[in-house]
Every structure is written in structure tokens, then in C-alpha cells.
Amino acid sequence: MQRRLRLGMVGGGQGAFIGSVHRIAARLDDYYELVAAALSSDPTRAANSADAIRLDPRRSYSDYREMARQEAARPDGVEVVAIVTPNYLHAPVATAFLEVGIHVICDKPLGISLKEGRQLAALALQKNRVFALTHTYTGYPMVRHARAMVEAGDLGDLRLIQVEYSQDWLAASIGSANTGAADNWHNDPLRSGPGGTLADVGTHAYQMAQFISGETPTQLLAELHTFVPGRPLDDHVQVMLRYANGARGTLWASQVATGCENAVRIRLYGSKAQLAFNQENPNELWFTPQGGNAQRLTPGRVGSAAAAHATRLPAGHPEGYIEAFAQLYVDAALQIMAVNAGQSIPEAARWLTNVHDGVAGMAFIEAVIRSHENDARWTDIAC
Amino acid sequence: MQRRLRLGMVGGGQGAFIGSVHRIAARLDDYYELVAAALSSDPTRAANSADAIRLDPRRSYSDYREMARQEAARPDGVEVVAIVTPNYLHAPVATAFLEVGIHVICDKPLGISLKEGRQLAALALQKNRVFALTHTYTGYPMVRHARAMVEAGDLGDLRLIQVEYSQDWLAASIGSANTGAADNWHNDPLRSGPGGTLADVGTHAYQMAQFISGETPTQLLAELHTFVPGRPLDDHVQVMLRYANGARGTLWASQVATGCENAVRIRLYGSKAQLAFNQENPNELWFTPQGGNAQRLTPGRVGSAAAAHATRLPAGHPEGYIEAFAQLYVDAALQIMAVNAGQSIPEAARWLTNVHDGVAGMAFIEAVIRSHENDARWTDIAC
Amino acid sequence: MQRRLRLGMVGGGQGAFIGSVHRIAARLDDYYELVAAALSSDPTRAANSADAIRLDPRRSYSDYREMARQEAARPDGVEVVAIVTPNYLHAPVATAFLEVGIHVICDKPLGISLKEGRQLAALALQKNRVFALTHTYTGYPMVRHARAMVEAGDLGDLRLIQVEYSQDWLAASIGSANTGAADNWHNDPLRSGPGGTLADVGTHAYQMAQFISGETPTQLLAELHTFVPGRPLDDHVQVMLRYANGARGTLWASQVATGCENAVRIRLYGSKAQLAFNQENPNELWFTPQGGNAQRLTPGRVGSAAAAHATRLPAGHPEGYIEAFAQLYVDAALQIMAVNAGQSIPEAARWLTNVHDGVAGMAFIEAVIRSHENDARWTDIAC
Amino acid sequence: MQRRLRLGMVGGGQGAFIGSVHRIAARLDDYYELVAAALSSDPTRAANSADAIRLDPRRSYSDYREMARQEAARPDGVEVVAIVTPNYLHAPVATAFLEVGIHVICDKPLGISLKEGRQLAALALQKNRVFALTHTYTGYPMVRHARAMVEAGDLGDLRLIQVEYSQDWLAASIGSANTGAADNWHNDPLRSGPGGTLADVGTHAYQMAQFISGETPTQLLAELHTFVPGRPLDDHVQVMLRYANGARGTLWASQVATGCENAVRIRLYGSKAQLAFNQENPNELWFTPQGGNAQRLTPGRVGSAAAAHATRLPAGHPEGYIEAFAQLYVDAALQIMAVNAGQSIPEAARWLTNVHDGVAGMAFIEAVIRSHENDARWTDIAC
């Protein structure tokens, strides 16, 4: 019998969306037991939130540093912490837990600057701790399969990578009845960092392009926009990209794309074939050979190890966002157990997005802002 | 803090698909704690299976009667049992637990005869226990919303109900490499009951038609087929239906529908509008007013209480089969907590499919067989 | 230079839908020149209609018998006549033109009784004239390709054939503002024959199933319905079918299928693969091998002679209903030129639907009515 | 009785794709009679081509200037000429016919330079002749309806316009068996002009964005690529656009987009709603209000004058590319008849794309090339 990993959480108090998703995801495949948390820095809200999720009140904290210190000191202390705070706290929280030797599962983006991202990467390396970054969409079986197809050469040489992420929840005017946009920390530069839509969803799109293609973007040009008056950060970004292998592509991300729910779409065109994925229909991946007919690939029919590893159900039983999220928790558990046992990372879990993806995301954010401020000139992406 | 319900399980040992799904579904929304189980009638397999899921070995049984007896006697005994055995055991297991006052969550179909179904319904009533029947597809938010639309009169008078359930996993020859069909209990009349595909998926289709439409079928004519030589039970069924309100419809279910994964599709045509749902894309429901344009309704955009109750994520974050299954566990928990507290069933949980749906399913199976044996004559559906 | 065939038309005066479609279809590929017509039996309407389409007034008739007589006597008389009248006139008009040796292109269904259908077939044979029946949907390239795939054995042994044809234009109450249903000849048994929806669209569905499958239905059971009060003929029909090779299937056709435009859909399941076609998206055909992934086949990518023969444009340039209709005119021209030259029918044009398809359609109508009147008993389909 | 317009054609000899499409389009709605043509500058090929399409040999020319001169002198000479030559001949041919007072229907792009485009616009104005430019995709009923919706304010203020045109027919290596790319005039700068993919399909995408949005692009930045070695012109272009009203957008066009057939796609996002169109499924237009559910609009159900004017068939009878092309011929006929009669252009025909669209297209081509040569700097689009 394999025991469950002892999980802690920082952030994710009552009303917080992503904290709840992390908890469901951690529970789904039964690798974790949530044993401690600092759900809020407000003691009352922390206690109430802990009670609502049946957490032992003695292991509910309102100060994450205190939590790191105390939990590290317990024999049954948390082994891994999930960080689900606003962006500006990611780095200090992760640092506090890494310092005491606790593995980290951190929501994206990694933080608010490339500099702090690099420091986190160095610290995780030094401490030999797993640092998972929850780029959810990479947990879908068909995204995993897409990456496997690219690696197997099924697309030939990649030429074009078109990626987009469009939502509409910031399209309404600030202060209008149907948006809480003005109050959301995503619109506050102090808590979100210098990127608005760029950081919130642009980094997802960028990461998806890299994840599936395996190609390294080297230069970009970009324009940021704020369509809704009064918003302090960007709500739309459009980018052109150059990849090291000569491939080209565009990326756009928008939270004012009227009528869109959560449309993460990517299309890759190689010399031999095309792949297309849309996360709103995540159980299918479209593969079209050059000059041929499109095929609708599904997890139950592709017969790949990559897809099978991220699939729980037989063909035709759709899995969704929670399952993709849970897959990252599965892979983190597999990695943590291996590291704890002094073993190498299992092959099946190798695609877990991590602190290096986070550093790449921060480099992307900073390059976009530099290009934008320079009238959309071509700009090197720091590596 | 609301404590978790103590859950037991009968069936679902290692390698069993649906047992594992029940456990994930029970865990997802954190209303249950699995504390005891009879995972197999084979003591070794029962013990190994219990160990694999970290069950306390002292509460692992190999005899469900023994489990019912012992758990009923404990102050911390199971409050509700999930029954995930082959069909022929549903009734005896459920009876054993109902008799000692334990609520039941039973996989479908209800059993192997209408007679035992009626006895179960009577017993559940007498004991005032919740008896949930896991017709998974009724847990999808868009199926709930569909029912709410029909109830609200959005379709006008229903005229046509076309439903189908098609799979291909029994299409290959028996004994061929890519099917375990010959060994599966679904093909064994002693364990599955008199219906093959009819019982396994035909009842799902029938239940879906009733669930969404709210209409009562009164007569049917039917033909059963066994396309693959050597199969002892039907692998295809086609049915015409007459409803009490004058509506008409067809139903077909097949496990030799080559190329199909798990296609549960229903279309309802009323005097005012049409609704269409396909469980392989469960996050959309198509609504078309008479003479008008089709609308793609999604959980995040319909703004209904019915859909919201069965939805965990914001718009565009797909939920799937596991979430639908979990919804039945949520509703069962809400009903059980209400019954335990002597309260009436909460409005939000009223659509949980139950023993009466199971009785209707058994009446359907028996009517289909009677009609088939009578050269597809119109046959009354017993009520 | 190949000259154009001289075409006549009976029916199709101002305001008639299908007559106009026949004229466009005849014009599209430039094989015909419309030189004479009896567009209406009302002399004034016939003359006005002729003027509107620039027909030589000396060759505009109001009596089709007079037209047949005069045109047959001219050296430059019509070589082929298009019959676009209400159903009850198909047989007398076709007879009049066949008798004087003029080829026939007739709208479907063939007529109003099996008996007159057989007489027409015998007469066409005796006179050695081409008798095309415009089952439009068989002119689509992907329907032709589907038939070629079945013939090539790509589906293996056919087991299931599911076909439907649903429209909503008769769903509103008779006399309501948005339907001319009450006045339409399709609702008049004297002009339409004994079948309403059955004859108008049911025959299309039946023909499509036979065309693609190449299988012969031998028995059916059926129910007719009239949902809208006051309608003298059926507006819905549902049928179960048995085929000579053991295949089974259902067919339903409805003109009260709320929200449907013109949905002709067919799915065929063989031992090796599935095919699916929906005429509202006619440039795609879905092929799914057993246990495999669906492929979206398109005219420009399948590379078959069958599809190429019915395609005018490169890949991705959609063709539609008019082009499918025109294909029947192309094939009729190729057959007529061959017959006129004493040659055998060219291979490419062999799939033109003809008087024998029409006879089969009449046999279907009569079998459905017999079964319906006999409480949906299994009924032999006359051959 | 309205007589047919006498049509001439320059270009379009045997084997030429677009010439054949123009002839079918001209024939479809019966407004034209093709009476004269210079199908090739090679006399033998011109004569053979004329014979193949049954043209009177006395009115078959091999010199377009001779044709213009002789036809202008005849009382029954051509009234309008269709120009279907390679791009570099558009301007000289159009000039020759405009000079003698003959209306022009010209394939796109308008020519090979902005300068000659402006001269043509001036000449057409001076001569008061209709100058239609066949931007086919604007002839679809749902594209017309989209424009009408934007004009009616249904989208609110436009913010984003995302347009793309992707094909794969130039993706294979030059000289490989499955492409005639090397021989095609589209790859020859002398005949195609300075843009390859940019001119061939990029201008379509650009025009579509302007047509539907009604907004004026003022600046762009762009990158051209040639992915396939040995190709003298671009085979991919990506562009960012700024519109006069503050809207932003991207445009990409590619003929190396592996697996694509002919995917012209546009999405427009306004403050109130989104519209999306894909020419490969041209009978639907997707409309999504902010925060609401997507609606699939079809020609038979939107009930707009704009769609109805471009539709020939009832709901659910798909029309395609030929019908869209024919619509431009219809509108050109309506305009020509009006001009000939000294009347104003009929409202229904006002959306015919014309020489001014062609000038805008040439300005786009030249701005893209300037930006590309300037390392993708923002560049004013000449107006």
C-alpha cells in the first residue's frame, strides 16, 4: 500500500476559484491528503476556510512563513505545498517552502519578474525539490499525444505555430453589473505583475506552443492593448514569433474577445502534417497529413502511452479540465515519490510543467513588454 | 463543518472499471469517506484490492452479508453502500443493506427482473432509505438543463423523441485479439440477466428519454439482434415507442455499431422547439426554436439553477463523465443527509435517479423481450 | 464541338420551386438548351412563365400531350423532357413523351402507385429511352464516393443502416402565418398520392439507404403519423427494415421535426468500418474503421474516380445542392448521348438514379401503408 | 422579357481553372450569354478552346485589343468583358475594353501595382463603366448577412478582426510529384506581380476583413516568408493591423499550411457580439452575444434581405462557391443594366466588390512589402 503524500496549501480561501480546483485535482486520483494550509492571511477568513474544508484547525495558519517553519518541524509535516495565491506572492511563498525542503506545486505564472523566476529555479535545483507549475492544458491526454506525435516526427519539420487564448470575461465595461473586473487582483499591477491578460492567459498560450512543438522561440514582436477604459493592465496582446528552427507563428490572447468562453487553440503545421487542438473540446485532436483527410484522434483510439498515462476512462467517456489538472498532480506525485526515494523521474511523468517553463513564461512577458514599448520592434527573448 | 458520509462498497475489486469510477466520483466533491468494502467474494482478491486502495484491512470483507451485519453493528459503520457488482447481485446486495437500514447507491440496471425491482422499491420505501441508481448521463449539467427547459415549456408539446446509444466494443468477432467480449459478464445471461446490450446500454437510452422528456412510454415494439456469432445475448436492439401524451419515437442501442465510442444521443422535438444532446460533447446542448437558428447552450452561459447545481467550473472549462457521475454522488449525499435529519429532499437534489427509474428500466427490458418474441408486436410496458 | 441536347419541360411555371432548380441544374454544365415547355396547364400562366425565362413563345404549350405531339414532329424537337409536375401527373406525362420516343428526366417520387411505376419501367425499356429520376442527394460527390467505398468492401459486411430525413416546414399549425402547408399540393392526396411526408421525403431516405449500401430491403414494419390536426396525409413516418443480407436498420422521415431544415442523414455500420453523411454538410463524409479514429473525407482529398466525376472545383471550394442536381443532368446527358449513338452507358454515368429506383420507391410507399394499416406488422416489400 | 447581357471573355482557355468558373457563374442565373472571347493569345489554343465551349468561331480572337476593337464596332458586340488572365494582364486588358466603353468583370487581384490600379479606377469613373472585381467570398449569403449585421450595429464597436486564409497546395517541395507549383504563373513575379501568396490569397483575406467590418485599416506591420526552397515569391505572410476606429487585428495567409484545403476564416469581436465565418462551411455564420450562447445562423433562417438576395434555395439546401461567384455576376448584371438605363445602382446589388476594392488590395500588397523590407516596422497603408 502506497501512502498518500501530505499536502499543504497557501492561498485558496473561501471564494477563491483556483484553490478549490487545486484541491479537487489533488483528491481525484488519491495521491494526496491535504493536512495543513494557510488559506488566507486574514486569521478569521483562514479559520473559516479551514473549517469549511474540514481541515484540522491546529494545522490552519494565516502566515505562510509560520506554516513552513512549523510543518517542516513536524515528523508528519507537509511534504509538498500548493501555492494558489495572487502572482506577486508565488516567489516568496515558494522560497519559504523550498528553503525548508518542501516540494512545490505552484499556480502559473511563476511570479512577477524574470529575475525572481531565475532565483526560484536555482533554489529548486539547489534543494533538489520538485517544482511543478500548473499549466493545466498540458495535462490533457490529447495534448500529451500531440507532443508525442511531434517528437516522433509525425509532423515533419515544423513551419508554422498558430496559438491563441481568447476569453470574454473582461469585455464589459468596468463597473458594469456583469463583471467583477475592477476588483479582481488580475487587474492590479501590484498583485498580478506587469502583465494583465499577457500574464494570465498569454503565458498559457506561449507555454502550449512550446510544449507541443518542442521548439524554442528566439524573437518576438508584440503589441499590447487595453480596450476597456479604466483598466490598468492590458486586456489584449498580439505577438509574432520566430523560432530557432526557422518556424514562424502568431500568438494572440485576449480577455475582451466577445463571446469566447475559454478558447485555447493551437495549430501546428509541419512539412508532413498538421495538428490542431482546442481545449474546449479536449477529447479530440485533429491530425491532417499534407494533402490528405483530417482525422479526429481521441484518447481511447490513439493507443499511445502518452495519452493512456493521462486517461482514466474508456473510449467515449469524456474527461475535462479537472482531470487535466489532476494529471499534473499525478505527475508531481510520481516525481516527488521518485525524488524522495532517490530515484530518477519516471518516464511517464517527465512532461510535468515546471519552474523552467515558468522562467520561460517570465522571459516571454518581459520580451513582450519590451517590444511593445519599442513600437513592436523585433526583440530577443532572454533565455 | 459538515462531516463526510461513511461509504461502503460491494464489488469493484482490482481490474473492475465501474468500481473505480464510483470511488473517484465519491471522492471528487468530498462528501464521502470510503471506510469499508467487500471488493470481491474471493478473500485474497478482496484483501489485495483493499490494500491497493488503502482501505483499513479490518473493514475489508469478502462476504457482503457479513459486511452488512458487522457494519450495521458499528457506531461508525457505513451509512451508505455503493453496489458495483454484476447485475444479478444488485438485488440481493441491496436487500441485505436496506434490511439493516443502510442507504444504497446502486449501479444500473437495477437487477435482472422486474419482480425483484419492485421488491427493492417496496423495501426502500418501507425502510425510508435513499436508493440512488447511477444513470450517469443524467448528472451532466446540460442534461439537467434540458429537463428544466422541457419542464418550463420551452419545447411546447413533445411530439418526437429520438434516442440512441451506440458503441463498437462488441463488434469484433468473439475470441479476436481486440475484444475481451467472450469473458465479460455482460455476455453471460446468468450474471447480466436476460438482456445484453438491451440491459447494459439500452436502459440508459430509455432512461435518458424519460428523464429529459418527463413523458411516460406506454407501448413499444422491438427487435433484438445478435450480429456476432457465438454471443449468447443480444448485441443490438431497435425499438419504436408510443408515449402517453401521443408522442412517438424510436430508440436503438448497439454494441456492434462499428466505429462508435460511447455515443449516447437524444433529440426531442416539441411544437415549439428542438433539443439535442450528445454525451461525447457533454458541455453543449443544442436548442433550435421552430423555424429558427440553432443555439449552442453551455453550462456557463445558460444561467439556470439546474445547470449551475451540476457545474463546478467557470464557462469554457469542460467537465466530463467523472463529474457527471460525481453529481449523482453529490445529490445522493444531499438526499441522505436530509433523510438522516428528517428533512425533505432538497429541491436541487430532486433529480437523482433512483429505484423507480430502475423499476421502469426493468419493465422496459421485459417489454422489449416480450415484443421481440412476439415478432415485434406492439406491447404494453408494465407500470 | 458537342452540341447541346434539346430539353423540354412540363410543369415548373412561375412560383414553382423545383422547376426552377431543374432549369438551373440543366444549365450549369452546359449540356442542355431549354427549347420548349408546357410550364402550366393554364394558358395565360404558361405564356407568362415562358416569357419570364425567355422561351420562344411558339414553343410554349399549355397541354403536355400537344407538346409531345408537336415536338416529336419537329426535326429540332426536344430530345428529352424534364417532368416537374405534382406527383399524380408524372406517369401520364412520362408516358406521353416516352410513347413518341423522347427521353425523360422526372422528379421524384415516380408517381402515385406501384402499378403505374411498373408500367413506366416497362415502357421505358420497350422504347429504349433513358428515364432519369432526380434523387438529388445521390449526385453529391461524397455520396458517390460512399457507394464506391461500399462496393470496394471498405465497410466489410453491412450490419446496420440508419437513415433519416427531417424537416420542420410542416410543424406549424395549418393556417398559421408561417406555413403555406394547407395549400400545398403535397398535402393533397389527389395530387400527391397516398403518401405525404412518406412520399415527399421518405422515399429520398429509402433510396439513399439502397443507393449507398447496395443492399435490398425485403421486409419492413412502419407507423405513419399526422401530428398537425387537419392535415389529410402523414407528416411523420418511422420504419424498421430488414435487408436480404441480414442487415437491420431504421428509417424515419418527418416534416414536423421542429428546428430541422433539410437534414438527410445516413449512417452505415459494417463489420470493418462506419460511414456517415449529412446532406447539410455535403462536402464531407465520415469514415471510421472499427476501433479507430474518424476521418473526414472530402471530394478534393479522396482521390476517387467516383467523387471526381461529380466534382467541379478544387479542394476546399464547397459545392452544394444545385451541383448535386446538375450532376444528375450531366449523367442523364451522358446516358442519352450514348443511347442516341447506340453505345453502352458510360461507366462514369452508371449511377444515375432511374425508373427502377422509382419503382422501388413506390413499392416502399405501398409496403409502409400496408404495414401501418396492419398495426405495424412485418410486411414484405414487393419487388 | 429581359434579354441576356452579351458577355465576352479574355483568358480562360482550355485547362484554366478560373475561366471555367467564371463561365459557369455567368450561366447559373441566366443573365448573360457568352458571345465572344480571346481565350488565349495562342491562335490555335484560342480556336480549340472556343470550339470546346461552342463559341461562334467568327467571334473567337487571340488578340484582346483586336477583340475590343471589333466587338465595340458591332451592334451586337459584347457589353461586358470578363478578364481571367494572369495578374499582369488585368490592367492592360481592362484598359482596352474600358476605353471602348465596355463594362469589366475582372478576376482579383486588380493588377500588379497600386499605380495601375489607381489608373484603372480613374478610367472606370471617367467612362462611367461598371468595374466588378470577383472577390468570390463576398458573394456568400452569410457574408452578406454578416456585413448587414455589422452595419446594423449588432456587434457594437468593433475591437478585434482576426482573419486568415490557409491552403496547402504549395507545401510540397518544388518539383515533387504532387504539385505543379514550379510551373504555375502564380509563382512567376513577371506574371503574378511582386506578391505570391500575399497577392493570390492574402488580398482575399484583407478584402474580407474590410468587407464585413466596414472599417479602414490604416497601418500594418508584416513579415513575408518563403518556406519552400526555390520558390521565387512568398508562400506565407503574417500581418498585424491597426484600424482607423482603434480596432486591432491579425491577418495571416499561407499556401504552405499543411493539411488545409481552402480555409478562409474570419472572426470579428465587437463590444456587443462576435461573428465568425469559415468559407469551407459557407451556409453558416456564428453569432455570439457577449456572455451568451453561440447561434448558428443560416441563409434560410436569418430572414434578412441581404442573405435572401444571395440565396436561391430553401433552408437546408446548401449553396457553395459557384453560387457565391454567380452572385457577383448577378450583381454586376444588375449594376450594368442600371448604368445602361441611366439609373442608380439598385440597393440589392450595392455590395458588389469593385475597382476600389482592387485599389485597396494593391495598397495592402505594397504596404506589406514595404513593412517586410523594413524589418516589420509599422507602415502606413496608402489610401
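Should a chain be cited, it is by its letter among A, B, C and D, assigned in written order, with residues numbered from 1 in that chain.
The working rule: a residue touches a chain if its C-beta (ideal position, glycine included) is under 8 Å from a C-beta of that chain, and two chains touch if they have at least 3 such contacts.
Each chain and its UniProt protein: A, B, C, D = Putative dehydrogenase.
It should be emphasised that the depicted structure is a prediction, and the values quoted were computed from it without experimental measurement.
The angle of the rotation superposing chain C on chain D, based on CA atoms and rounded to the nearest 5, is 180 degrees. Using the mean of the Cα atoms as each chain's centre, the chain most removed from chain B is D. Chain C and chain D, compared by their mean Cα positions, are separated by 35 Å. Mean C-alpha positions place chain B and chain C at a centre distance of 43 Å.
Here the CA centre of chain B is 55 Å from the CA centre of chain D. Residues of chain A found to touch two or more other chains are 260, 291-292, 294, 298, 301.
Interface of chain B with chain C (complex): residues 155, 159-160, 162, 164, 168, 171-172, 178, 221, 223, 225, 227, 236, 238, 240, 248-250, 252, 254, 256-260, 269-274, 288-292, 294, 375-378.
Those residues of chain A that touch chain B in the shared complex are 1-4, 17, 20-21, 24, 27-30, 51-54, 167, 169, 260-263, 279-283, 298, 300-301, 312-323. Interface residues of chain B facing chain D in the complex, by the touch rule stated above, are 291-298, 301-302.
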